[in-house]
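So that you can tell them apart, the chains are marked A, B and C in the order they are listed, and the count of residues begins at 1 in each.
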Amino acid sequence: MDRLGVTLGLGAGALVVAGLWMGLVQAPPDAVQGEVQRIMYLHVPSILTAYLAFTVVLVCSIGYLVRGTRGWDRLAHASAEVGVVFTAITLFTGAIWGKPTWGVWWTWDARLTGTAVLFLVYLGYLMLRSVVEDQDRAGRYAAVVGILGFFDMIFTHMAVEWFRTLHQSSSLQRGTIDTALKLPLYVNLLAFVVLYAYFLARRLRLAALDEAVEARDLGE
Amino acid sequence: MVQSGTSVVGVTVRGLGKAFRGTWALRGVDLDLAPGETLVLFGPNGSGKTTLLKILATLVRPTRGSGVVSGADLVRARDQIRHRVEILSHGSALYEELSPRENLSFAAAIRGDRPAEGAVAAALERVGLGEVADERVRTLSSGMKRRITLARLLLRRVDLWLLDEPYTNLDREATKVLEAALQEHQERGGMAVIATHNFLDGFKLATRLAILARGRLILDEPRGTMTLPAFQELYALRTEGGGR
Amino acid sequence: MNFLALAAEILRKDLRIEARSREGVNTLLFFSALLVFLFRFALGPTEAQVRQGAPGLLWFAFILTGLWGMARAFQIERENDCLEALRLVPGDLGGLYLGKVVGGCCMMVATELAIVVMFGLFFHLDLWPAGVRLVPVLILGTVGFVAIGTLFAAITAHLKAREVLLPLLLLPLVIPVLLPASRLTELALAGESLGAEPHWLRLLLVFDLVFLVLGYLTFPFVMED
């Protein structure tokens, strides 16, 4: 295992443990929702990290189209994969949060719907990649989807938000979240970001190895 | 090989390679073509002839290597090359609902060419399609469709012709038109690379002979005093196991 | 060759082919009539249900026929390898994109109008109050759909899985078109002014502009190699 991977892994591990302890044990329960609100410590960092991941996909997609070097494409692909995983976690934790809070596993609430669409868009991104045989082409096509998908998400969120909303409006934005809860939230957010970086590093390493094997098969 | 300052400066290719998912379609191809030369490329199916033509036409980007066509770089100056090269592919690139005349006009229009008054009609006449110039391509035979693509070739003045199996679906008369046109093209200093299985006709046209097998150029020399039977024997020898 | 001239050539060629083709508009109209029938049977005997769901149903029908139309734009070029010749056009391929987008919009809007008329006819919708207001909604919504659809049709044209991939990729991305468009259609059909909910109009307009530009910029990369 390479040095970077190990460092990130240990860092992520430590932060996740700290964050989980702070969020699930140390922080006080919410005045209104009680214990179940603790899932916010997973749910919110998860989606924010997913946004980070997809922003990286956007930047790398543009980079790949403009520059054409494989590194950009590999990073875009890896980031998209991790982003999709975090989006799935968001949806999953959202459902777990939703059931006791609203009584149902799923509602067509703006935020949740938007996240579901996000999941579909980047799932499509990954599917497209897997279907196109030529690596260069796959990267280019995916880059186009990565770019369009990003801007589309902005519009989708706006549109769906105006359509209907049930979600509590962003707790961080409103600033009404209690300081006692803010710290664990930030710690967990940091934990997720480092976790993202760790997964990214591992995935990149795997992709590089894959390409090396293919190059060797080719008889470079 | 590359003489700058003249309008037709030849084709130079060094170490050209193209890989598709796991296999090399072309490997280490070196080629030189001077104005007036016609290179006829023989090789078994799958040997990479079409790939080579497509790279020279700038349809496909090479994985390795470099090349210059008429003074323009194969990778960096593709647009310039496109003005100087015409490819006759397997696919006819014809719209079935349009007439031969409309197809030719469209092909010229999207290149930004304005063919001279009557040039389209003349080209169609020359290939024997004058009477059906305004019929829908869908109603024509495959031989006639092939002739339309020949007429399209004749419409342009370019430095390099890339012909991929030009004899397919071409009857004797149309073949004669092709050969006459090629001769004029050669006399103007034009170059041609022709990929074919047709030993009889292809051999006749060549000023250079080449054999491509499994992506590698295993022969490339002037025709000189080579006879057809001798060449066929050489081909069989060099490509044994590669099939035809 | 400048991109507007290329777009014009492509558009002219496509419209000409469309006019002579036995498929195309005829099939689309037939298909839309079928859809109308299906809606009727699927939604039960009460017309009120259909009338209430009309805006959504209309856009559902538009999208369904649109998917087919989008795929067709590049299937025409696949026959006989015409796309190869197009890729050899020197200069800006954005003109090809623009030509296909305009052509696609023309086809779709024509079909949409026909569908609306059929809807009105069979479900006794009063179309007069909707009248002129509906047309801008149709156009704005269609442009957004076609801007992305043309791009994705080009991407999926050569893939074996194109029939499932095109809708898979396109549909999630056109949600910001579907929502405003169906809401505005609702307003139009009710005889209200579109200005009653200007934020939807603005969203559609900006969406269309952004994605036309993005499509134009990324299309040449799709056409490479």
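Before moving on, here are some points about what is shown:
Quick note on the criterion: a contact is a pair of C-beta atoms (placed from the backbone, for glycine too) under 8 Å apart; a residue touches a chain by one contact, two chains touch by 3 or more.
Since this is a predicted model, take the numbers as computed values, not measurements.
Distances between chain centres, each the mean of the C-alpha atoms, put B farthest from chain C. Chain C has its Cα centroid nearest to the centroid of all protein Cα atoms in the structure. Taking each chain's centre as the average of its CA atoms, chain A and chain B sit 51 Å apart. In this assembly, the C-alpha centroid of chain A lies 32 Å from the C-alpha centroid of chain C. Between chain B and chain C, the centres computed from C-alpha atoms are 39 Å apart. In chain C, the residues that reach two or more other chains under the touch definition are 224-225. Listed for chain A are residues 134, each touching two or more other chains. Contact of a single residue of chain B with at least two other chains is seen at no position. Put simply, chain C touches chain A in their complex at residues 148, 151, 155, 159-161, 165, 168-169, 172-173, 175-176, 179-180, 199-200, 203, 206-207, 210-211, 214, 218, 221-222, 224-225. Against chain A, the residues of chain B that register as touching in their complex are 19-24.
The residues of chain A lying in touch with chain C in their complex are 65, 117, 120-121, 124, 127-128, 131-132, 134, 136-137, 140-141, 143-145, 147-149, 151-152, 155-156, 158-160, 162-163. Looking at the complex, you find that chain A touches chain B at residues 133-135, 214, 217-219. The touching residues of chain C, counted against chain B in their complex, run 1, 5-6, 9-10, 13, 16-17, 20-21, 76, 79-82, 84-91, 224-225.
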